[in-house]
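Two complexes come next, and they have one chain in common, chain A, joined by chain B in the first and chain C in the second.
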Partner chain A sequence: MVNSSNPMRKKLLLGWTVLSLALLYTPVFMLVFYGFNAGQFALRWEGFSLRWYAAALSNEEMILALLNSLLIGLFSTVISVALAFTYCLWAQRTRFKRLAGTSDSLMSLPLFIPEIVLSIGLLVMIVRFLKPAFLEMGFNFDSLAAVIVGHATLAVGYASLVLRTRFNSYDIQQELAARDLGAGSRQIFLEIMLPQIMPGLAAAACLSFAVSLDDFYVSYFLSTGGSALKTLPLYIWSLQGRKAMTPEINVVSSVLLIVALLFFCTGLTLSRSRSSVENLKGPT
Partner chain B sequence: MKWTGLPAKIWMSLFVLFPFVWLLFLSVQKNSYINQSGPYGFSQFKRALNPPFSGIIVNSLVYSFAASVCVIGIAIPIVRYISQLPPRKRTLWILLCAIPLGLNFVVRIYAWFVLIRPEGLLTLILEYLGINSPLASTRAGVFMSMVYGYLPFAFLPLYTVFERLDPSQTEAASDLGAGTLQRWRYIILPAVVPGVVASFIFIFVPMLGEYLIPKMIGGGLVSSLGTQIESQFLGSTKPNWPFGAALSLCLLVCASAVLFIAVKLLPKGHSGQKSTWSILQIQ
Partner chain C sequence: MNGSLLSVRNISADLANRAVLQNLSFDVADGEFFSLLGPSGCGKTTLLKIVAGFLQPASGELLWNGRSITGLPPQQRDLNLVFQNYALFPHMNVFDNVAFGLRMKKLPPAEISERAHEALELVRMKPFAQRRINELSGGQQQRVALARAVAPRPKLVLLDEPLGALDLQLRKQMQIELKSLQRQLGMTFIYVTHDQEEAFAMSDRIAILNQGRLEQEGSPEILYKEPASRFVARFIGNANFLNAAAADGLKANCPALQTDVEIIPFAKAAATAQPNQTALTQGVLLVRPEQLELSPCPPESTVRANGEVLMRQYLGAQIRYFVRLQDDSDSQVAVDVHSSEHSLLENGSKVNLFIRAQRIPFYADVQTP
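Take a look at the complex of A and B:
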């Protein structure tokens, strides 16, 4: 290699890489570190303590935000994976390949339009149409339902992309053979399709959950600026705006970081079945 | 199996496509109420495309463009370095680059905000170096935060193209007497353009509508397209949905125009356009 034969150049590149990555990670590490601060203020270090972790655990607002986030994540994941799965089932088998191509772009639309526009579209749609329609039927379509719908819409794009690649390597011969041998649809679904698709389903579910946990815009707009309902990111957002900040915000942030990273990494590991990096992907 | 695609398609049409139609309808209303229909006209667009709003739109475009260029400029040497490492080290480093994508965006920006506040570490370091300018609540601070926030998004699309570079080509070039500049100009750049365009699209489009960073870092003093749209829809003083819809459509048009130009700039004949799409699809 030409460039690596020049040690000076290599050192410069390494220095640049280390510096940039350090700059990327340092703020986050410091944030987590200051969560163990003993003092009153978020920004002045006064010794190690778990005081704010204890405070956060007994803080109802924070627990509620965490539960909201998990609940919304769970429901939106179920919806988005179900939609993506049924969609891929159709897209893989349909005779109308061109139609499948167009619908593929429809499904991945949320990945390409600015999130703020998507959120506003959802806001208008829900306030103007869904809410009145549900009220007429006697249901109250509240912010929780709205955010679930919004997150599901956002996550379907990611889920269907992951599942589509998984379905591409699906071995349909096994299914045909099973049918020849007299297996019913149910048996084929449970014993042929599910085992093959399972890793893709799990990856799609993890990524959907990560997308939902990570989302700020959709929750922000559909809960009218976080006043109607707080997810964990919205709770951090509201703490950040206050005058007097305690290390509590660091604790809440650390909790969110860890939960989200867990789902993100699991989703990545499960979805990168073929090459090491080709399937690495993140919620944008 | 014929009908199983329907629920997803209906869902997406209902929650993604139809809202656009409705935004279009909303934006041609002259009055500022959501439930009133008519009288119709383009007054909202006229307002959006005249000062002060035209200035905000242009500002957002220029700043997002500059920030995207910065992000890609910072990321390219890193990715180039990683792609030249032996395979095992490569995986480790690229993982290190990818992990920030899994860290919550709000948390990451807040963590950065702590550093650039008046008593923050970065401000102190800059003061020590003799640069005495406040970062929070300024355009410069918002710009830096944009670069910080979006840097992780550039790594993977760039890495996919840099990984595919064939070292024997640059070797042959330098054997024939090509300098660094010539190697980049004739061998490396043409091969990596699809990845650069893909990462540009990834970064520029969300940046253009960014609300969180200007709001948090700018503290209400820096206005962008995103903060304007937000205040038209959720603002406590005089929300104006039709005007917000017009602004959103302007944002969408700008984003699509830049996307279109970026794709057009790709080398023709050469499979540039196709590979950009495939990179976009993979990510």
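Take a look at the complex of A and C:
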């Protein structure tokens, strides 16, 4: 049995933990570290330099890819959060509680569907149905729209999951109380509901945005391998295909890493911030 | 008492195709403390929601000073609700909670502040104005909910079991506070509860609901002394029902009812349900535990004892005995005696029982023709 009072074993356990963490983070550190390489090649260290940062930031192709990613992230986030919000409204208020339970499971299931499977499914749906349908109405459903729809699909599961927990601690009886005190629907939404679910909305938005930034498969399939539209991950992918990989690939990856981490961490922090409702001492 | 503020006229309601309220009618007078009392599931909360405007009745009408308000939305009714779980706004502090209704009335800021503080003063929560809701105890949250409901000065305040979550001591204290607050404000209160003692402690009048029907309405005294039905008798206080049948072989000019305790003259038996005396043939008599008198029967006595002590509860001011009637019967009654006037009787003691009451409500069995 593990006897944690034994100092030797304690040290061993600590060592093991450090080793696991090192295994996890060494590749990430290596990636960031090699971005400061002075040499020509990504995999050979030749001293410290910021030249590749300068190169990347003046690289129009990379800037364009970053802007594409941010734009797609923004639109897909708006769509997925809006969908998640309406879903949560329904799930909280429906009389069919068991149906809501089932649909909760269905909502989070796609998080475990292999992304490549989802991508191919999306491709079929968009090429076979969405594109022709929009063409009929006179709109060109291009790769940008396709990737936005794809990313929104990917993210809506995460967004619903996060938002639903927030809604669970929001007591809708408050709305009756507000109405009783003379508030109309608009005031109830703005003054009662919104302030209380705001952290959930923000968390859902951050996670959706991070999911969109991270995604490779969906973008790859829906933009026909990046020939029509390059997101940041697709740009990195294309760099790797070249004969000699320069440290620029590390720089671009670091940028992606930092932006994505920023949104993930904000999202997680917000979703974990304890709701004031949970602390209520009153009866349930 | 003034004229009626709210009249409930033939209200019926269905929830999920089940009749929850059936043809209810009663009036609530201006300035009255009125309680809706009934077991859980009797429809009292549904009725409250209809009065508040959150539910529409299937049929019937609500009159406000004689004018119909049946279709009016909640925000247009001059009444406020205190919710069972308070439903306070957790993202606002105490002051903002109380000021919410005033802000919705679009009052000038100075008046909002003045009236919100006044309402907080009433419930002795003024020092807590800047606190967050989750920093308050259950009793304090209850007071804030009350202040929020009375701050807009509605004519009518509806209270849905507001003391249900508090412990007994606090509940008793709040009962007194609620009643004096209602008097002080001169507002009409409609108070929903399943707790008979609570309703009795505060109400001017009480309506008793059972399975969506109005069983009886009246003052606590009337409800206790002259319950309209066996249900009300059993629901209010403690009730002993004595089987009674018309006694034969007695003088025709003094008809009486034979019970296991004693023979009761017709004149004493108040037939509550059926006024005609011909119905007084078979039924039950209601005798409260304190209306029974008991005296120990010495073993050598020649008078045949009519009861035997089964169990004793020492309640403080009173002693409650559970007494079995006759040797062969399984009917038993509860008898309350003052502990200061009686010495304790052991289980198994033979006793004589007497009824000390001027009027004894009688409920005839329903005759199945």
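In this section, the second predicted complex is superposed on the first by the 271 of 284 C-alpha atoms of A that agree within 3 Å, B and C clash if a C-alpha of one lies under 4 Å from a C-alpha of the other, contacts with A are read in each partner's own complex, and residues count from 1 in each chain.
As a working rule, a residue touches a chain if its C-beta (ideal position, glycine included) is under 8 Å from a C-beta of that chain, and two chains touch if they have at least 3 such contacts.
This one's a predicted model, so the numbers in the text were calculated from it and none came from an experiment.
Residue by residue along chain A, chain B and chain C are tallied for touches, and B comes out ahead. By the document's definition of touching, of the two partners only chain C reaches A:183; chain B does not. Using the contact criterion defined above for the overlaid structures, shared-chain residue A:174 touches chain C, although it does not reach chain B. In the superposition on chain A, A:192 makes contact with chain C only, not with chain B. In the superposition on chain A, A:87 makes contact with chain B only, not with chain C. Contacts of A:236 after superposition on the shared chain: chain B is touched, whereas chain C is not. In the superposed model, A:8 makes contact with neither chain B nor chain C.
In the three-chain superposition model, chain A touches both chain B and chain C at residues 276-277, 279-284. Chain A meets chain B in the complex at residues 1-4, 10, 13-14, 16-17, 20-21, 23-28, 30-31, 42-43, 82-84, 86-87, 89-91, 93-94, 103, 106-110, 112-118, 120-125, 127-128, 149-150, 152-153, 156, 160-161, 210, 213-214, 216-217, 220-221, 224-225, 233, 236-237, 240, 249, 253, 256-257, 260-261, 264-265, 268, 276-284. Residue ranges on chain B touching chain A, taken from their complex, read 1-9, 11-20, 22-23, 26, 34-35, 74, 77-78, 80-82, 84, 91, 93-94, 96-108, 110-115, 117, 119-121, 148, 151-153, 156, 159-160, 163, 167, 170-171, 174, 183, 202, 205-206, 208-212, 216, 226, 229-230, 233-234, 241, 244-245, 248, 251-252, 255, 280-283. Taken together, the chain C residues at the contact with chain A in this complex read 52-54, 73-75, 79-81, 83-91, 100-101, 104-105, 132-134, 136-138, 141-142, 148, 152, 164-165. Within the complex, the chain A residues that touch chain C are 171, 173-174, 176-184, 187, 191-192, 195-196, 275-277, 279-284.
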